[in-house]
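Here it is: the structure, laid out below.
Going in written order, the chains are labelled A, B, C, D, E and F, and every chain counts its residues from 1.
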């Protein structure tokens, strides 16, 4: 059944840049030193896999709060590498499938990778791949066992594989001994005031004397949430002002911005 | 199996205003500032989705006690928007179906929405969609995973989607990390004395010098329960008086009203 | 599967007075003020559903200890109403069926009711319908979800429905949030000494100077248990005396009555 | 499936005295006042069911330690009654059957009983029928629900049914609210010294001056265990002496008897 | 399904001495008074079943630490009896079978035994037959129920059955009320220093002045572990010395013996 | 089903040195006294099985932290033995198979071994074979029971079997009583500073005056992790330096080495 499922899947050899690009639809802006450092270290891992015969398998976990930029970072490294096989494994593409079918699809991606001399696989949102839910907790042991084995299985002679995982549930992964299977783990953080300010300057939607206050209010927010708040505030109290603001003709009203921010902060 | 189930469902493209209207059968009355504020903010979200290219997906959760008016509010916003695709997903329409069939039907609604440039989906009574029950607690992890993925999946290029969710089990949704998937959350409250009074004035079933006492007794009651108590009290002690009362010819006897109220308050 | 099951069931439209009469095989006697009050309020609900357009669905829970007379009361109200569709849903009629078949049968009764302008449905012994057992506790979530949805689903335009539920496990129903789905809840109690005396007088099986002592001994007993104890005691110590007693020729020996009572009280 | 199973069973109408006799293979001896009292009360219940129209269903639970004589007592009452349908339902006859098949067989016995004017059903070893095991605890909820419904279902007009249940797990039955479904419950106890002495005198295997000491040592033992200990002791230290002892030619050596007793008492 | 499984099994009537002999491959040596006492009492039970009509079913549990000699003891009694049907039921022979198939096979052995006038059945390693594992704990309730019923079911008229059970998980069996189903229980212990010395003398692998020290070091060890330690030590530090030792030409080096002993004792 | 599965598997008789070699891809270096001692003891067990008739089955567990060298050690002993049948059972080769299929494959390997006079079976990563996960904990009881039986089942007359197990979850195996099934258990440890220094000297990638500091920093690290850290550090801060370093032309920058080390140590 599992084997049959494995063979029924249409082979998808080679890099599907589309899927990777979807992870960073709105382009990338600079968002602080920590993000930059992680990107550089990830590039070093790409080099290591490429150049060393003693490292046929390197695995790296990117963890951090929801929306902090983990998937975009992994996708960017994948795109920037010149590896012939780069593939993202995401639960979004497997909605409603049975856990054994998911396992077969995941194993299939690894089998395909083993046919390429140099490969990158991104396991996006591992907790979702594992069908994790906090109450219980519940998750798929079948998929967990499969991933733990795949993350430690040496590729065939002459093949090399770099795996990135992303997760916002480090505690859970740790509690099932999943983290130890990764060679190295990096924390992708929320933005600090200074980082937020840098992003806001690039967006250019606040008046100059509001920008510090706005950045301060956004301290410790993930990049994704920052974008959403700015979008909501840009509509204005009565709606209709967003076009003027994003074209630079108007600025966001700082007090309306505070109101919006309060709605999104849970009481 | 899941995919087959997905395709067997007859496509239901476009807004089904009937289902929405069923959520507010008895029309809408004004019931206080908080309800009004939430309505206005919801309308701003409609605008944002319509006008901004950087917000292809916005999600909003309406939470509050049972009967506080969440579904009617969401339905009203859906009706008032001029979106070509507005659809309510309700467990009522899926009684007795297997969880995988429910998932397929839910995913189908999202797939249909992705074909429309502007869409609104109402996930009504999320705890019921998840088959939640407090003891255990038990719920469908399959449906939970599906909804969590659908609530974060970016629509195809050029399509925009606004999702409203309603729930009276915020604590549960929070405990499974479900709330964080929403861009913003609003609490739809019970009526305070002042709000109740406003509603009673519009109903015109109490004598003028009883109305304050009645409103006071109804403090902190959800709008739905208020309607039921008034109906029961209008029958009178011996029955038969309701027509006279709702046509304005008679008023509710305040002491009978208190008796009825006591029956509905659990001891 | 569920839908097929739904259609395979032979439609059972209209009131089946037989099933209702079986709930009160031995006729009804007066058994105290509380029972009377609940009966009167239940009749008011019948009126409300009949007369008001704003109350297409009213739901009422009768709860109390085992054997206190809940089912007979609900059946009596159903018989006394002049509604064209009155139906009792009882687990007794579904012994050994799979939970999904039970759901289908229950849903079928509601669908049938929606075809009648005025309907009463009695959900008898809800804890048994839910296959509840205290250890675990265990129960059918499928049936729970189905009932919770049916108890809140507005009937089609122009149709009206009154639902009575009975249970001796209020604590359980409360713990799964089931009680809040009812518009109103009444407690059907055991008999107090005064109530028991009234019943014993109607039965006429004790000597006049024993009747107060007997009623005192029966304090806080449900009506059903009272009947059983009287029957057992009427056999006499050697058996054979019951005919004489129920025909009024002899009286129950009070000290034998105490012996029997002690056997039935668990040590 | 359940219904089909129900019909596939060969109807077994009428009393199968064989099954009842198997419960008391070695005949019955007198074993004390408590046993006698319970027997007499059980006979009264037989009368009540036979003579009263208001008691179409009476249910009686016999509980007590393993081997105390519950099944033999119930079987004896069944044999002594002159009812046309007397049937024992025992898990022994359903080894390895699926729980739904067991339910069908049990329900079948009740259906058969409903065809007879007067019936007795013995539910032997209820905890075993429920597949109860202390760890968990685990048990079949399907069978539990079925039995609880059957124990409260009124027989058809004109038919009368007396049900005896036996169990050595009263605490468990209580914890699932099973005991309240019985009209009356009797405790069948172990033998006290005086009871044991009476039994030993009838067996005539001890020397006259040993009999008091032996009875003392057997205090608080169930009748079944008493028989086993006597048998073991009768073999003698080297074996071979039992025939002489049971034929009255020799007596059990009291000190060997003590040794054996110690082996059977768990340390 | 179960019944079909029951009939598909090839009947295995009569004693299969091969299986019994496999339990004591290396012959039996004397290993202390307690072992001897249990053997003698077991032989008495064989006599009792053979000679008494009132004991058609006798059941005896042998419990003790892993490797203490329970299976060999039971097998020896079985071989030494002159019963026409002696059969061992062992989980080893049912690896990978479904629990219902195991039940059918077990029931089959009992059915076969009922056809023989005198039978012995050995339930070897009951915890393994029950698929017991300490975490949870988990075990097969189906097999538990089956065994509990079989252990109490009286054989057909004129047939007699003696059952030995072995287990090293007395605590577990007790917690599921399994032990009470046995007529008598014996504890098969580890070897004390004196017992170990007796065994070592028979093996003749230590120098005379080492034997007391060796026996002391082996105190409280099960017979099986003792054999393994002696074997390992006999290899010598560099290997190759075992033949000389077991042929009596050399002796085990006592300090190497201590080293080995320490490896096998868990730190 | 299980039996069919058993026969469908293509027989794999004889030693598959390929699978064993894959466990030590990068060759073996000396890594300290403890590793050496365990290797020597394992070789003694090979001798014992070969030479003694009383030890047809010897089982040895190698336990220790992830990456400490357990599998390579077991594989090396297997390769160095001159046994005709040496086989490794690894979960990696059974990804996605159903637990009953895994059981059949495992049992098949033992059956094959029983056909060879001398066999070694390596149960690699037992916790993974058991599908163990810490939360719950969950694991396959079917596979556990199968392994526990296989680890105690005596091979057929004249056949001999040595089993090595490896695990990094000793606590778990202990808690299910799994460890007691092994004749002897050895702990394969992490490297101490002195061991790490020895390995680093053989690798020759640090400057002479850095090697002590590096070894100190690597104290208590498993051999596998040590290799990975050295590889990562060898890339250099800007990448590209690894070839020079491993060819001996350059040395690892000690401060970059510290940086890398810190990344891999979880905060």
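The rule is short, and it goes like this: a residue touches a chain if its C-beta (ideal position, glycine included) is under 8 Å from a C-beta of that chain, and two chains touch if they have at least 3 such contacts.
All values derive from a computational prediction rather than experimental measurement.
**Student:** Under the document's definition of touching, what chains do chain C and chain D have as common neighbours?
**Tutor:** Output, common partners of chain C and chain D: nil, no chain qualifies.
**Student:** Farthest chain from chain F, going by mean C-alpha coordinates, please.
**Tutor:** Taking each chain's C-alpha mean as its centre, the farthest from chain F is C.
**Student:** What's the call on chain D versus chain E, same or different interface residues, using the half cut on shared numbers?
**Tutor:** Result for this pair: different.
**Student:** Taking each chain's centre as the mean position of its Cα atoms, how many Å separate chain C from chain E?
**Tutor:** 58
**Student:** How many Å are there between the centre of chain B and the centre of chain C, using C-alpha atoms for each centre?
**Tutor:** Between these chains, centre-to-centre, one finds 34 Å.
**Student:** Check each residue of chain C and list the ones that touch at least two other chains.
**Tutor:** As it turns out, chain C has no residue touching two or more other chains.
**Student:** Which word fits the touch map of the chains here: line, ring, star, complete or other?
**Tutor:** ring
**Student:** Under the touch definition up top, go round the ring from chain E by way of chain F and list the chains.
**Tutor:** In ring order from chain E, with chain F immediately after, the list is E, F, A, B, C, D.
**Student:** Inside the complex, what are the residues of chain D that reach chain C?
**Tutor:** It is residues 1-3, 6, 41, 43-45, 47-48, 51-52, 54-55, 58, 100, 103-104, 107, 137, 139, 141-142, 144-146, 148-150, 152-154, 175-177, 179-180, 183-187 of chain D that touch chain C.
**Student:** If we count contacts the way the header does, which residues on chain F are in touch with chain A in the complex?
**Tutor:** Within the complex, chain F contacts chain A at residues 22, 25-26, 66, 91-92, 95-98, 128, 131, 133-135, 138, 227-228, 231-232, 234-235, 239-240, 242-243, 246, 263-264, 266-267.
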